[in-house]
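The two complexes that follow have chain A in common; it is paired with chain B in the first and with chain C in the second.
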Partner chain A sequence: MKNIFTYEWKLFIRNKTMPATWLLMFGIGLYALYYGRSFSDTQLDTITKIDTAYQARIQTQLQRFSADTTTKEGMSDYRNVHDAYMNEWYTRPMVWKQPEGLQALSLGQSDNQPFYYNLWIYNNVYNTRQPELRNPDKLLAGNFDLSFVIIYLLPLLIIAYSYNVVSADRENGLAGLLNVQGVSQRAIVSGRLLFRCCTVLVLALLLSIIGIIINGVAMGAAAGWLGVNVLYILFWFSLVYWLTASGQSGAVTAVKLVSLWVVLLIMIPSLFNSLQKINEDAKMEIAEASREYGGKIWDMDKQLLADTFLLVKPEWKEYFILKNDTNDLRSVAYTYFTVYNMNRVGRGIDSAALQQQSRLERFNYVNPVFATQLLYNKLAATELNNFIVFREAASAYQQQRYELIAQKELSGEKLTPASFQAYPKFVQPVTGLTAGDWFRSMIPVMCFMLIALLLGNYYWKNNAHKK
Partner chain B sequence: MVHALEAIELTKKYDTATALDRLTLSIQPGEIFCLLGQNGAGKTTTINLFLGFTQASSGKAFIKGMEVLPGASDTKKFVAYIPEVVQLYGSLNGIENLDFFSRLAGFKYTDTMLKGFLNKAGLQEEAHSKRLSTYSKGMRQKVGIAIALAKNADVILMDEPTSGLDPKATAEFTAICKELAAEGKAIFMATHDLFNAVNVGTRIGIMKQGNLVHTLFTKDITANELQDLYLETI
Partner chain C sequence: MVLSTIIKNEWRNLLRSRIASWLLGILFILSVFTIWQATGKVKESRHHRQESAAYMREKFTGQGEVNPHSAAHYGHYVFKPVSTLSVLDNGVNDFTGVSLYLEGHRQNEAAFAPAQSSSSLVRFGQLTLSLVLQVLLPLFIIFICHSAITRERETRTLAVHLAQGTPLRTLVWSKTIAYTVLWIAFLALNLAILWLMTRSAAAPVSTARLGGLWLLYAGYYFIITALSVLVSAGSKSSGNALLTLLFAWLLCTVLLPKVTANLGDNLSPLLTRTELEERISTDKKNGIDGHNPSNERTQQFKDSLIKAYQVSSPDSLPVNLDGLLMQEDEEYNNIVYDKHFGTVQRLIKKQNAATAVSSWINPFAFVRNISMALAGTDVYHHFDFAGQAEAYRRVIIKTMNEAQAYGGSKTGDWEWTVSADFWKKIDDFSYQAPSVGQALQNNKTEIASLLLWVLLAVLLIHFGSNRLSVNL
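For the complex of A and B:
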């Protein structure tokens, strides 16, 4: 094996095309890292701007607690800031999904899903305008991040390096001389494939380590990412081992490998997409839900509204003093019913999306390539699940603030600087993967790899004399 | 006595065509057996069967008393092979090619020893460090001989080794073969070169359509007589 590695290295270096292709792919990988980093930096800049503006609004509100009440404007500020509902109106709290370090390596749904929400009292996270697509072609080709380079492009490099690992000797008239040296052809081919596998692994791991360092990725996630790299590349080499074992010509093997690439990376995902039923009316349903209660509530008799509200929120009876003007009750009730209704519809839509995601995960048991892509996204917390979990956390946080404000509003309690500053803070949902999750996600890759190796062994055993 | 090479009723059929028909033959150490015949007579098939590259339809082949089985993993260590056209790695030089094939065969030689094999095969010293892509056919053939020498095999199978070589290279090649035979190596050579067969061989066989029609000792025949016999036979 050492001899084969020594001479494979010499042949690799002296064949100008191979190192040039390696360097080209390395350059492409560096660009993908730059692309991912640039996307993440844009998000981080946006988050910084949002945070700065939000903190400024909080400071403004805090200053209004000591506004000059001798002026008309100061009096208005003073009155509004002590009113929990109006204070929330002006504070307009913001929450955002803090990007993980690995996001820059696997953008996943980061450009399709909102990563921050304005939790203004009448806003609803399920009715938030999604960010504009930076490039519609992305929908077809995916983001040009490192996961794209590894998932889509490295298999092409593997095919280019290895399609003729068996046939080249025969086609170059070397097979006879090699076969008579006493080492089995299978041992020579396995050694060569292992060497070529190492060159691709070095490429993938080097790029990943650069990405991990410049993006400050945590150790656990980094180890998970590197492990996926290794298994995915081994999976492709196991396919090469299988398809080259039949001893057919290099051209035939290349066609077979490229066909497999097309099936795994284009046909099967396309088939899955075509089987999906997309709810095109989802946005409309949320808009309708937001309008459903509006007019009814504002026109409803005060006592009837109170009774109706207490039917769904009886635990708030103790706050129900009704000493304030009717607008307090109407505002609270309107917000409660519309937000509740939109949340109900929105959660239903997200639930359907999660079911679709669950189907996709099951479907990927027959497609190890996209099982790998899914795991990359999970490690980078850029999978659809991550955004839905964030959306639910944002919604729950908005609800938590709303209930606090509504209680103060209904009980007539004035807001103070201390109680304002004691408002609950948004907690980023934890979406880390366990080692068990990682292993389960890699089962399709490992199973297919094992099958390919067994088939390869079978063909080697049965076709040895044909090579 | 253990024969260096032995075939007993060795037959190879491809569908309905018989490439080799019940060949029975034995070759002793120190013998150079030259097999003559037209294209398609079964010379290369015979060599491939001894090398284990193809499976016999019936009969048996032996090398140093060991049966050649498919894959021939046990008998390969006794055999060296020089094909008609020696193709090697173009981006490696002569020494590197020789080192690579020797290591595959389980031998690790120093540079000096490798150069010694190349010199013995007749490759000029200044060519040793040049890439194979710059070599002529004759030079590549010499590296092929060096690979066989480095393997130190008891049996050397050659498939038209002088085809395309100039007279000087052929003469050098003949000298090496005789030297190897003198060391006790058995050489089995398929060739079209009647005159060289008489010159280098100790025994000659003439094949026609898969059958070994004649075997004779070179000491009993001249080149012209062999030519007449050959033309009569085919």
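For the complex of A and C:
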């Protein structure tokens, strides 16, 4: 093995193409890291701006508690800040999904999902019709992040390095010499593949470690990421081991490997994507909820609206008895029912999307590349489910604030600086993966790898006499 | 040997090759499958949107006696019609919204893009006919044509051809024609199947667009075939030719599209949503030039009304001032929205220019962009829909504001309502897709590069073939 590695190393150094392609891929990988980082930086920049503006609004509101009531403007500020509902309008609470360090390495759906919400009572997270501005052509082309380099481009490097791992000897006239020396061709090929595998692994791990360091990724997530790199590269080398075992010419093996690349990276994922069902009815329902309920509820008889509200919120009856202002009652009940309906519909849509994702994951046994991409995204918290969890948390937080404000509004309780500052804070939901999740996600890739190795061994045994 | 003999011979060889027949058969089955599957999806999608549009129209016209301004807040939804040719090329449809909420005071964008309800699988693309025609068939062409000349060299028949007085140019021309004719026939067959399967669709396929697609792909296949045969003629072995062509295919279909799209994004970054909203809000408040605050504008408008109606105060106006003020505000907001959404669209166009320019070096770029344009699924068709929907919004909001102003209500009377049949008098929204000529207006660079690539291929075969080293 040592001799093979020494020979391979010399070959790698002498052959200008191999180091050049390695360096080219390294450069491409660095660009991908830069691209991912700049995307995350833009998001962080947006978050900073949102946070700064939000904090400034909170400070302004706090100052209004001691506004000069001798002026007309000061009087209005003073009155509004003590009114929980008006205070919420001026505060316009914002929540955002803090990007994980690994996001810069695997952007997933993060350019296609809202990452912050304005939680003013009348807004609804499920009806945020306008997420960040994006160019649809760019979304179609996809992101040039490190996961793209590893998933799409490294297999091509592997193919370029290894397609002639068997045939090169024959074409150089070395096969006969090696046979005479009684060296097992299988051992030589395995050694060579192992060396080439190491060169690709070094490349992938080096790029990943650079990405992990510059983005300050946590240890657990980093280990998970590196583990996926190793398995995915081994998976491709096992396919090479299988397809080179037939001992056919380099060109034929290259055609087979490229065809396999096309099948695994283009045909199978795109076929599953075409077969997924997008339920347009669900979207219609949220449009309906937004347009229809709003109008219907607002136009309801005020007494009927209050009575209906008390049926679902009997614990608030005492407030209603206290309250004489029917406009306030209407406003609270309207918000409750509108938000309730929108959340119900929205959660239904998200739940259907999650079910679809989980159905798709069942097919990962025939779609190993998507399984890998999915795991990268989950580690980076950029998959659909991560955004849905964030959306749910934002919605729950909005509901929590609404209940508090509505109670104050109906009970006539004036807001004070202390009670305003004691408002609950938004807690980022945790969507980390366990080691078990990681392992289960990689089973399809490992199965493929095992099958390829077994087939490779089978062909090596059966075709030994031909080589 | 005459040109026609070589062509016939080439066809015979191809038909005898079991691998080629199998691969072509698989591609054909795959393309028929994609047409069948996409036809079903398009039909279902169209049905949903038509139903939704009809439902929303019913809600809009049946809202009864309501205050027009309340109705402006309830708003109305319009739905983007599905292009029948999205069966062939789904373009950016997964990433653009399908419905648009029209309301008073603000311009919205189309919402609920299908990709937002999908996992990252959506980023792998869909298995559509365009994928077969743009990516897989060219790969098949490479597999078949890489050995067009090298095979003759390896079997020593090239020397025989040359000895018989057949120049290499004739050989290259014959093989290019022989294969191109096959791919064009394959394409025609697919388009005919598509036409047959979508014949009964609510919006039949436009013949001009279908014809344009046939010409586009025919040109694309001619270029790929000619280049493959030329590479084969210039290579020492079939293996070398194949590897060179595979590398070019990967570069053109996988790497370059992503690189150029990302480059465009880096060179002309879009505003963030918060920046856009801040700018719109500032312009609404302070005026588009920063020196025309909204309260001053309102006062000037009130003064002009007092003067026009020759009354002493706004209260004496014979019309409802609220309606007129709201319309005046709408008119100003429209200018603000046109300015800012115009900027966003210009930035997107600028970003896409990187991909358009890349078509000078990458044939896949022009075929992808022109194909989307002809199928009516590119971003410019989306802008066109959004533009028409916005024009409709302005009409309905103006109608509502004018009803409030001149309908007989008094200023400050928000309980006043229009009659129930008022809503039926407002025309329904009907999207008119642009003509082929208009659709291709944004693809001038791509069309020019297509023509240049065809010309280049012809010139290379005609003047370059005989200069290639024969390497007998």
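Following the convention adopted for this analysis, the second predicted complex is superposed on the first by the 436 of 467 C-alpha atoms of A that agree within 3 Å, B and C clash if a C-alpha of one lies under 4 Å from a C-alpha of the other, contacts with A are read in each partner's own complex, and residues count from 1 in each chain.
We take it that contacts are C-beta pairs under 8 Å (C-beta built on N, C-alpha and C of every residue); 3 or more make two chains touch, one makes a residue touch a chain.
What you see is a predicted model, and the numbers here were worked out from it, not measured in a lab.
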{"item": "Which of chain B and chain C A:429 touches, first, second, both or neither", "value": "neither"}
{"item": "More chain A residues in contact [chain B versus chain C]", "value": "C"}
{"item": "First, second, both or neither for A:14, with chain B first and chain C second", "value": "first"}
{"item": "Partner chain in contact with A:348 - chain B first, chain C second, else both or neither", "value": "neither"}
{"item": "Which superposed partner A:3 touches (first chain B, second chain C, both, neither)", "value": "first"}
{"item": "Which of chain B and chain C A:179 touches, first, second, both or neither", "value": "first"}
{"item": "Partner chain in contact with A:383 - chain B first, chain C second, else both or neither", "value": "second"}
{"item": "Shared chain A surface residues [contacts with chain B and with chain C]", "value": "none"}
{"item": "Of all residues in chain B, those that touch chain A in their complex", "value": "51, 53-55, 70-71, 73, 76-77, 79-81, 83, 85-89, 91-92, 96, 100-101, 103-106, 131, 144, 147, 151"}
{"item": "Residue numbers on chain A that touch chain C, as the complex places them", "value": "35, 38, 42, 46, 49-50, 108-109, 112-113, 129-144, 148, 152-153, 156, 249-251, 254-255, 258, 262, 265-267, 269-276, 278-284, 286-288, 290-292, 294-295, 298-299, 349, 352-353, 356-357, 360, 370, 373-374, 377, 382-385"}
{"item": "Complex interface listing, chain C residues touching chain A", "value": "34, 37-38, 41, 45, 48-49, 52, 55-56, 59, 63, 66, 70, 74-77, 91-92, 94-99, 101, 108-109, 111-128, 131, 135-136, 139, 143, 237-239, 242-243, 246, 250, 254-255, 257-262, 264-266, 269-274, 276, 344, 347-348, 351-352, 355, 378-379, 382"}
{"item": "Residues of chain A touching chain B in the complex", "value": "3, 7, 10-11, 14-15, 172-174, 176-184, 188, 464-465"}
